[in-house]
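In the two complexes that follow, chain A is the common piece, with chain B as its partner first and chain C second.
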Partner chain A sequence: MTQTTRQFWVRRIVWAVLIAITGVFVIVKVNATMYVSRPALDFYRAVEAVPKDKIIVISCEWEAGTRGENGPQTEALIRHCFEQDKRFAIFGWTYPPGPTFGQQIAERLAPRYHKRYGRDWVNWGYKAGGAIFIRAWAKNIPGKIGRDIYGTPITRLPAMQGICTIRDVGLIASITPSASVPVWIRYIYGFYRTKIVYACTGVMAPEAFPYYDAHQVAGVLKGLTGAAEYETLLRYRGDAMRRMPAQSAAHAAIILLIVIGNVIYIYSRRRPGAGSPPGR
Partner chain B sequence: MIAVYVAGALIAAVGVWGLARLLTPVFQPATGALYYTGLAVSVLVWAGLMLTLHRMPAGVKKRVVILMTFAGGLIYVLEFYLPAQNRYIFFWRHSHTNAFSPMIEPIGDAYAVIFGFTLFLGAYNLARVHGRNIAARRPGYHNSIAFFLAFIAMMVFALWQTWAPKQVVIAHLWGIRHLTAADVWGYLFNSTYVPLQATLFSVLAFYMATAAFRAFRVRSAEAGLMMLAAFICMLGQVPLGMWLTHHLPLQGPLSNLRMEAMANWVLGVISMGGLRAVGFGILVGGLAVSLRFWLSLERGAFFEQEL
Partner chain C sequence: MSLAAFAVVAYAGVQSGIFAKDLGIWIAAICTLAMYSILYRENVVFRLFEHIFIGLATGYGIYVVITQVLWPKWWTPLVEQGKWYWVFALLMGTMFYTVYSKRLSWMNRLAVGIFMGMSAGLGVVGFITELVPQLSYSFKPLWTSTRPYIEVNNVVFFVTLIAVMSYFFFSFEQRNPVVKGSARLGRWLLMVAFGAIFGNTVMGRMSLLIDRLEFLLRQWLQVFGRQ
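So, the complex of A and B:
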């Protein structure tokens, strides 16, 4: 077998193993237990602490690629807001489809909690302009947002009553796979000390910790695990909890593959006259 | 020499402040006839300005760009670094507040408009590149046709469903009744765009698994430590890892050996130190690059091209 053929088959076998393992745990129902970490607990407490007269800004800065992680995070947060009767605004400034996804989740959950668009939540849609827009937005929210996604002036919506500047925002929840949270920290936390919580993808979690440790971010949800922890706090088994066994299995499979790869590597090095290790 | 630079910066600051003060009333919200008149005048003024700029010699154009970049940056630098309220610095203002702060809003509006134009420019460039591919029948021009079909379909139905979401697009077709514009857009977005992008991203997991198997080798003690940290982090994030150490108490010294506690320690202590160091390095580098952009000292691609 030539090296190219070997590589071809090794790749396919690895992919097949991963598909099979995750597939089984997606189909088979396993009751997983989650222990809530401190960053997730702080995220939950930051939402609970928002006073009724202030609004929560749910910044949906994600798109379909990270829906698997950011979707359940957004859902758990919106569920929490509905349960606690907190007003919130869905907003996006990095990825245009983000607010659409947020709206879909809110509309799906609203009937269960008897919530109505415009009264209990509002969708500001996507706004272009990045950090410069955010700076201007903080000074005059109705002026910079103007109309909601349905074209209604936001000042006419009951959910927006009394919301004029960043001082009327109780919490900003940045749900994103990108490194956009420093913009919130620099221009919103830095100037106005508005609380920020950060829901990131698993790969971005290490980058969130310096901000969390410095109290610039009040709480962190780490990928799907963070969403599952949040669901545990809400005493609800949602998409995140349902997907945790599959993620467990995928992590175990990758660990196992690394171990197997290393065993083969050590064995091939010890064998006299051995060439390059298999799989390479 | 330094005195000349300081004097120049002060004159520029006063000039920028005066210009922005002058333009601030222009950016106030307007409605009805005033709005449309303002819009028409703005378009004409900007078209004239662009035409004049276009006809200027290359050296002058370059100086205009340098001046605009410097002025734009100066407003933000002064607004950021000068105190919010100070009776000595802002002595001429009754409120003694930062004189540059009121400009942030209108400049933010102007920036959002310019940003919108760049999106249009991006779409125009894409259309031009793919249009040429099709016209010249270059290899893979079928992909360009697919681009145009997807682009036009998404754009048409996105606009249609915004203006008239209930309007019927298809009345009767293969048993489908009353397919509205919103339905078609929903289908394109939820059943085409979303799965396509999710699939593209999920492929990463498979590449990661293959890469881990083929490339993650313990060739040294450092690599061994990295692998141990990776295993702890991976297991500490999922119920399986938590289950492995679930018999350990939740409180007390032994709780630190629980998998989730170890994973959080690796992320929150070990990895954070390194990340902070990297972050500082990146930001110091970013500051230097920003200064070079702001003062138009940057050289290389785009900066030395003939305008």
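So, the complex of A and C:
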């Protein structure tokens, strides 16, 4: 067997092992216990603190590619809003499918909490224009949004009563895998001090913490772990909590594979007559 | 031949209740498996589905631009509401394409210049409202005598900040042993940060894999119980 063929098969075996371990923990039900971190607790408290006369903007800035992380985050947040009778608006300005995914989640959860579209929540849909749109939107929400996803003028919807400017928004929840939260911070928090919470993917988490540290975002949900922490706070076992054992098993498998790989690497270097290790 | 075998297995699976009956779930499952087939090796099925996705995304992008931007924001005000001045938006947009003509390319520079100025203005606002608060919050108390764990955090933060910033002193040679040592520590701390970022990336990618596996094993392959 040549070096290239061996490498080819070793890589595939590693992937197969990872998929098999993760798959087993997806099938087998294991009860996970979550420790709730301070940023997730602050996220939860920021939602709780929104007064009844204000609306929560759930900015669904994600699409199918990160559904595995942003989906459970959105679901936990919408569940919390329904439980606490908080009005909310689903909105998106980065990825067009985002508000559609948010709407699907809200419609699935609504019957359980006896909630109705238009009265308890509204969907503004996707709006193009980026930072310039956000600047204009803050000053005139009904004027810039116009109609909801079903073509109804938003001023006719009970959920939008009394909502005119950013002063009527109690919280902005940015759920996104992209670097769109700086736009909220620059043009909304920076000017109006409207509270922002940030639900990011695991990849983006290290970039989220400088904002949290500087109090520019009130709370952070970090990937699937953040969603599981939020579910713990809601005393509910949803998608995120169910997936955490598989996540932990996959991490343990990766650590083990790294250790095995390094032991083999050191052994192959120490072997008499061994040349440069592969990949060097 | 393999396609026929797949169809037979699929039909038998649906009839016996092993696979889902929903067509949408089947399409999603086939797409997922086709994309994951790259894990074995480059193949025709992966290529086909990759091109389908690219085509769909492009088509969807064009649809969104027409229905969300051009039609409601430009065409309707211009034609239906009689706001004639929106014609200047068309002129400005057309100026970008003058780059292809040597004689008219100055118009392109004009349009690009306007947008660069606008971006720079927004950038200045961004610096003040985004980065200045972060700078001010980097001044943390190192001694409060009330909450020791916060002090430890602040000391770690302070040491990391100074060490990493000293690593980025590239304007002069780092001969001073204090600066040199601090820069070396900064380099190590950066490595730790990169490790943390990579760990988070792995965590994120595994979450996406779990989502797909859960879909395949629980929704498509219903033998393991529907969600």
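We adopt the following convention: the second predicted complex is superposed on the first by the 275 of 280 C-alpha atoms of A that agree within 3 Å, B and C clash if a C-alpha of one lies under 4 Å from a C-alpha of the other, contacts with A are read in each partner's own complex, and residues count from 1 in each chain.
Definition applied: a contact is a pair of C-beta atoms (placed from the backbone, for glycine too) under 8 Å apart; a residue touches a chain by one contact, two chains touch by 3 or more.
Remember, it's a predicted structure, so these values are computed and weren't measured experimentally.
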Judging by the criteria at the top, classify the pair chain B and chain C on chain A as clash or fit. clash
Kindly classify A:Leu257 by the partners it touches after superposition: chain B alone (first), chain C alone (second), both, or neither? first
With both complexes overlaid on chain A, does A:Ala110 touch chain B (first), chain C (second), both or neither? neither
Where does A:Gln247 make contact in the superposed view: on chain B (first), on chain C (second), on both, or on neither? both
Quick one: is A:Pro210 in contact with chain B, with chain C, with both, or with neither? Answer first, second, both or neither. both
Examine A:Tyr189 and indicate which partner it touches, taking first as chain B and second as chain C; both and neither are also allowed. second
May I ask you to decide whether A:Leu234 touches chain B, chain C, both, or neither, giving the answer as first, second, both or neither? neither
Taking the superposition as given, does A:Glu69 touch the first partner, chain B, the second, chain C, both, or neither? second
Between chain B (first) and chain C (second), which, if any, makes contact with A:Ile27: first, second, both or neither? second
Give one of first, second, both or neither to describe whether A:Leu41 is in contact with chain B, with chain C, with both, or with none. neither
Contact residues of chain A, present in both the chain B and the chain C interface: 15, 65-68, 127-129, 132, 202, 205-206, 210, 213, 222-223, 225, 247, 250-251, 254
Residue set of chain A touching chain B in the complex reads 10-11, 14-15, 17-18, 32-35, 37-39, 63-68, 97, 100, 104, 127-130, 132-133, 135-137, 139-140, 143-144, 151, 202, 205-207, 209-210, 212-213, 222-223, 225, 244-245, 247-255, 257-258, 260-262, 265, 279-280
Contact set on chain A toward chain C in their complex: 12, 15, 19, 22-23, 26-27, 65-69, 71, 96, 126-129, 131-132, 146, 182, 185-187, 189-191, 201-203, 205-206, 210-211, 213-216, 222-225, 239, 242-243, 246-247, 250-251, 254
List of chain C residues in touch with chain A within their complex: 39-40, 60, 64-65, 68-69, 72-73, 122, 125-126, 128-130, 133-134, 136-137, 193, 196-197, 200-214, 217-218, 224
Spell out the part of chain B that touches chain A in their complex, as residue ranges. 29, 101, 104-105, 107-109, 111-112, 115-116, 119, 162, 189-190, 193-198, 200-202, 205-206, 208-210, 212-218, 227, 230-231, 234-235, 237-243, 246, 250, 258, 260, 264, 267-268, 271-272, 275-276, 279
